[in-house]
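Worksheet: one structure, shown below.
For clarity, chains are labelled A, B, C, D and E in written order, and residue numbers in each chain start from 1.
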Amino acid sequence: MNVLGLYNYWVVMVLMMLGFYIVISQGNLIKKIIGLSIFQASVFILYISMAKVAGGTAPILDESISTYSNPLPHVLILTAIVVGVATTALGLALVVRIRESYGTIEEDEIQAQDEEA
Amino acid sequence: MTAVAVVLMRDLFAVVMLTGIYSLLSASFFVVFDAVDVAFTEAAVGAGISTLLMLSTLTLTGRYAKESTQKPWLALAIVTVTGALLIYGTLDMPTIGSASAPIHQHVAPRYLNDSMQEIAVPNVVTSVLASYRGYDTLGESFVIFTAGIGVLALLMVLQRRRASDVDAHGPMHQHLILRIVAKILIPLILLFALYVQFHGDYGPGGGFQAGVIFAAAIILYSMLFGLSAARQTISQPLIFALSAVGVLLYGGVGVACMLLGGNYLDYDALAEDPVAGQHLGILLVELGVGITVASVMIIIFFTFNGRSLSERGRRR
Amino acid sequence: MIAHLPILQVVIPLLAAPLCMVVRIPRLAWTIALLASSGAFAISLLLLQTVLETGTVSYLLGGWPSPWGIEYRIDQLNAYVLLLVTSLGTIVLFSAPTSLGQELPADRHPLFCTAYLLCLAGLLGVTATGDVFNLFVFLELSSLSSYTLIALGSDRRALTAAYRYLIMGTIGATFILIGIGLMYMTTGTLNMYDLAQRLPEMSQPRTLLTAFAFFVTGVCLKLALFPLHQWLPNAYAHAPSVVTAFLAATATKVAIYVLVRFVYSIFGTEFSFSTMPLQTIFLIAALLGIFICSVSAIYQSNVKHIFAYSSVAQIGYMILAFSFGTATGLIAMLLHLFNHALMKGALFLAVGAVIYRVGSSQLQDFSGMGRHMPWTMAAIVAAGLSLIGVPLSVGFVSKWYLVVAALEQDMWPIAVLVLLGSLLAIAYVWRLVEVAYYQQADNAHVDVQEAPISLLIPIWTLVAANVYFGIDTRLTVGVSEMATRALFGAGP
Amino acid sequence: MFLTATAAILVVMLMALIRAFLGPTLYDRILAVNMFGTNTVLLIAVVGFLMGRPEFLDIAMVYALVNFISVIAILRYFEYSPPDETVEHK
Amino acid sequence: MIALALDVGSWILLVAGSFICVTGGVGMLRFPDFFTRIHAAGVTDTLGAGLIFTGLMLQAGLSLVLAKLVMILLFMLFTSPTASHAVAKAALHSGLEPQLDDVDDRSGVDS
């Protein structure tokens, strides 16, 4: 029973690691950023999973309902999503500039150019 | 699921679209898990804004990735170790949905039980966000402001090189139907943004989501009618000023609370009656967040696209 | 107003930042920034005084009681780090307009000031807060603005350096986020002091262990501990000199503070050093870091690279002192924290002054500068001596405590290794001295003048502080000892 | 009955997803993504009723909006890139 | 009585809507080229969504929820055909041609 209840977390972990893998293994700068956002999105899912209470509903108070899911992780994740999109925007801006000054967005080509210089 | 494909695909464009789907999926998941506010944000941000940004970037950088030449074994090893550690960590976790888990016992009950008396806002997420943990949200709006600053500092082009001739007809002038439909829809979208802004106390929504929707409407306009047309409607310095006004409004509310004798961001001090003070405080703060987010999103998008226009101008 | 000091500390630079952006006149923006940061400096002085007199200060944001709302809690340790960050931030900012004049077009100056203030506010927020999630938010605030600051460097390599820092930094932040999530999951609270009380009662060792591991790894990425340091040298080398001086003096220090706070105040020494193999891991990483990075520093041809690698090595010393897990070790670490900030601030500012005149930070371009820019080079030599650990400089004080801490644990081989590390420091500082004093200047640089006075004042302020705190150790040692006592007393 | 609808919508989402994976042309993918989005709107609406809290239709509204905007953005992106790239490479 | 009628009505509408959605999905998978697939997508977008939303409306009764459902439905009826139209037009512009019997398959190439 215990193991079944954790199944969801495991899926999240696998997703998380996929994102992480994209970040560290890919040479393309945009792909790295995409990997980063997948990584972060999976962390968000982790938080939201732990907020769930069986039988509860969304934390908007109403007379007729007595169990709610935990609102605190929701708040944290709202903040974290915003932080995430801010990071993504900045990262993409950097990629655009890199592309303009190097003419490529592949990590190895950039390194090769740097070594020549 | 989707993520696997992202690793494999070389066409960056397809990858971006799949990321959009991934984010939609996770948003649906959030709805199922009761996190409606989060789903709202994720839909607007993950599927909307991020995708738009990535597409704008692709316009500037080209869309095909090279085959990865690096040896993935080291990466794979690191990932496996980290993953194994995480799985190991899950073994002791409380099962999903069990109401006896510590997080449901310790701090959260107070929000659910007492916020009605203390703040009287039915949406607990809003009251925690804007009042109990209002300072986090202040930090958050400053983070988004920082991103705006960063993008500006990196990509701002001088106004001289505006290359407006490229854009004279607007980029999609041949899509007549699109333009007409959009003309009808944009006011509706703006109205909806206002609804989300001020209805956040009772249902999902609030300053952040409203800001994103508002920005989306403007972005839609600029996509269909051209950047220079959009810039004429909303002048650059005005948005710059607005983005600063938004964060200053938030911070200023805090300072006002302090001057009125409370602690920083203690909205009780804003009015005679604490509950009324909380209402006023949350309203102002959400407004601040909304203004900042909308203007920063518009700034980021305009800056990206202004860059691409001037790039093309140079290439000619 | 005294009661509001902890929040004013952070809010003043935070709110001054958008103002800087709005005014759009470089001079005015700079004045606002300077006013804000000196205001923060004054507040941090007052705050340190208050804390020393009355003990821990707690401030409830929004007036909500502590596990529900966010709390600022200032004890000796925070106050000490706050003072460090604000003082360095203000001094470095003094030299900004001159030094930046050549590296950045004037229309970006207000944006620079904004980002600088946001970074400062972020660092202060991280230090002052008593809430783990708030810590994450402000950490991201400071990181995002520092990516921007680094990317403003004039070289295109600044862009790649900033990009790499962004990727590594975000991975670190996400790790920290996972750690926070797991901690929250086991305890149900986000307040640091509540956490410290509830953690020992919890019966989920495996989740806790994972949380600890993720958190520590994330923080180590941010503080550039040895195998995780790859982002640092390039980021420091290609950023504008002012930014390098500021980040080298403050950003990694704040990350180290976070580490101390978590290991000592939240998890407690017992858990950190007995249950986890933290000591061994840190000891090995620190020693490897000291030696490998010192040796690579010797082989660099760019002066900024030399000192960037030296920074990683010095972080190694701090972590080494930290890994002893004893009171003396902690004192040594806190001392070195402060002292290293002084030295590196002075060094990078002085290098910046040379760049201002010569336009390059390549080692061969420094040749003959000993004669052309006597004051600047003298400052570099003085700070370099301090880096080596010559008596009468701050470097000596912290090395002394470090060796004592090692001997206390009967780890005399480590004491010997520390001294060997100093020898390596002599080697790389000597290379610079040799080039600057014993070689003729290039033909292109024969008419190079002394750096302008607006650069020399901040540099020599820092150098003077180097010497002063090397002789009069009452303030630094006193506060470090008090902070250490508080941390060991508070631990379970 | 909401359950039936939910199940059907999920099946369609899966199909759209497969189409988005397979391609083969770019426009197929765009279409699939668009359809996926439409179905998400439906799903959210139905799930809201399924859980007995139908106030959350705002989210569905945002989805519809986002869906429209992203399709336009994608099209616009291709207006900007050189025409030879718009048909997928072999 | 009326409640029952409403229930039955929404039942029928929902099931019909679901059926049409599934049909659209199958079409999306099975049809040979882009221009045929767009028909399948159109079916889901308008008829399927319309039926399902009408079914939900019958459930909602007179309230804010109803208004929102109407809004969303209108919005989708506006945007979906527009989007499909735009996609088709863009595809045609870019040189993709409808697959006719006598033309070789020129769109069935994968990247």
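The rule is simple: contacts are C-beta pairs under 8 Å (C-beta built on N, C-alpha and C of every residue); 3 or more make two chains touch, one makes a residue touch a chain.
Predicted model, so just to flag it, every value in this text is computed and none were measured.
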{"item": "Mutual neighbours - chains that touch chain A and chain C alike", "value": "B"}
{"item": "Joint neighbours of chain B and chain A, given as chain labels", "value": "C, D"}
{"item": "Label of the chain whose CA centroid is most distant from the centroid of chain A", "value": "E"}
{"item": "Between the pairs B-D and A-D, the one where more C-beta pairs touch", "value": "B-D"}
{"item": "Identity of the chain that, by mean CA position, is farthest from chain C", "value": "E"}
{"item": "Mean-CA-position distance for chain C and chain B (Å)", "value": "31"}
{"item": "Averaged-CA centre spacing for the pair chain E and chain B, given as whole angstrom", "value": "29"}
{"item": "Cα-centroid distance, chain C relative to chain E, in whole angstrom", "value": "58"}
{"item": "Multi-partner residues of chain B (each touching 2 or more other chains)", "value": "11, 14, 36, 56, 58, 86, 90-91, 93-94, 101, 103-104, 107-108, 111, 133, 136, 139-140, 143, 146-147, 150, 154, 175, 178, 185, 203-204"}
{"item": "Chain D residues counted as touching two or more neighbouring chains", "value": "23, 30, 55-56, 58, 61, 65, 68, 72, 75, 79, 88-89"}
{"item": "Residue numbers of chain A (touch at least two other chains)", "value": "16, 20, 50, 57-58, 60, 72-73, 76, 79, 83, 86-87, 90, 94-95, 97"}
{"item": "Touching pairs - complete list by chain label", "value": "A-B, A-C, A-D, B-C, B-D, B-E, D-E"}
{"item": "Residues on chain A engaged by chain B in the complex (per definition of touch)", "value": "1-2, 4-6, 8-10, 13-22, 24-28, 30-31, 34-35, 37-38, 41, 44-45, 48-62, 67-79, 81-90, 92-97, 99-100, 105-106, 108"}
{"item": "Of chain C, residues touching chain B in the complex", "value": "4, 7, 11, 14-15, 17-19, 21-22, 59-64, 67-70, 107-108, 111-112, 114-115, 118, 121, 125, 131, 133-134, 137-138, 140-141, 144-145, 147-148, 151-152, 178, 182, 184-190, 198, 202, 204-211, 213-214"}
{"item": "Of chain A, residues touching chain D in the complex", "value": "57-58, 60"}
{"item": "Chain E-facing residues of chain B, complex", "value": "10-11, 14, 174-175, 177-178, 181, 184-185, 188"}
{"item": "Of all residues in chain B, those that touch chain C in their complex", "value": "85-86, 88-94, 101-108, 110-111, 131-136, 139-140, 142-143, 145-147, 149-150, 152-154, 156, 158, 240-241, 243-245, 247-248, 251-252, 254-255, 258, 262-268"}
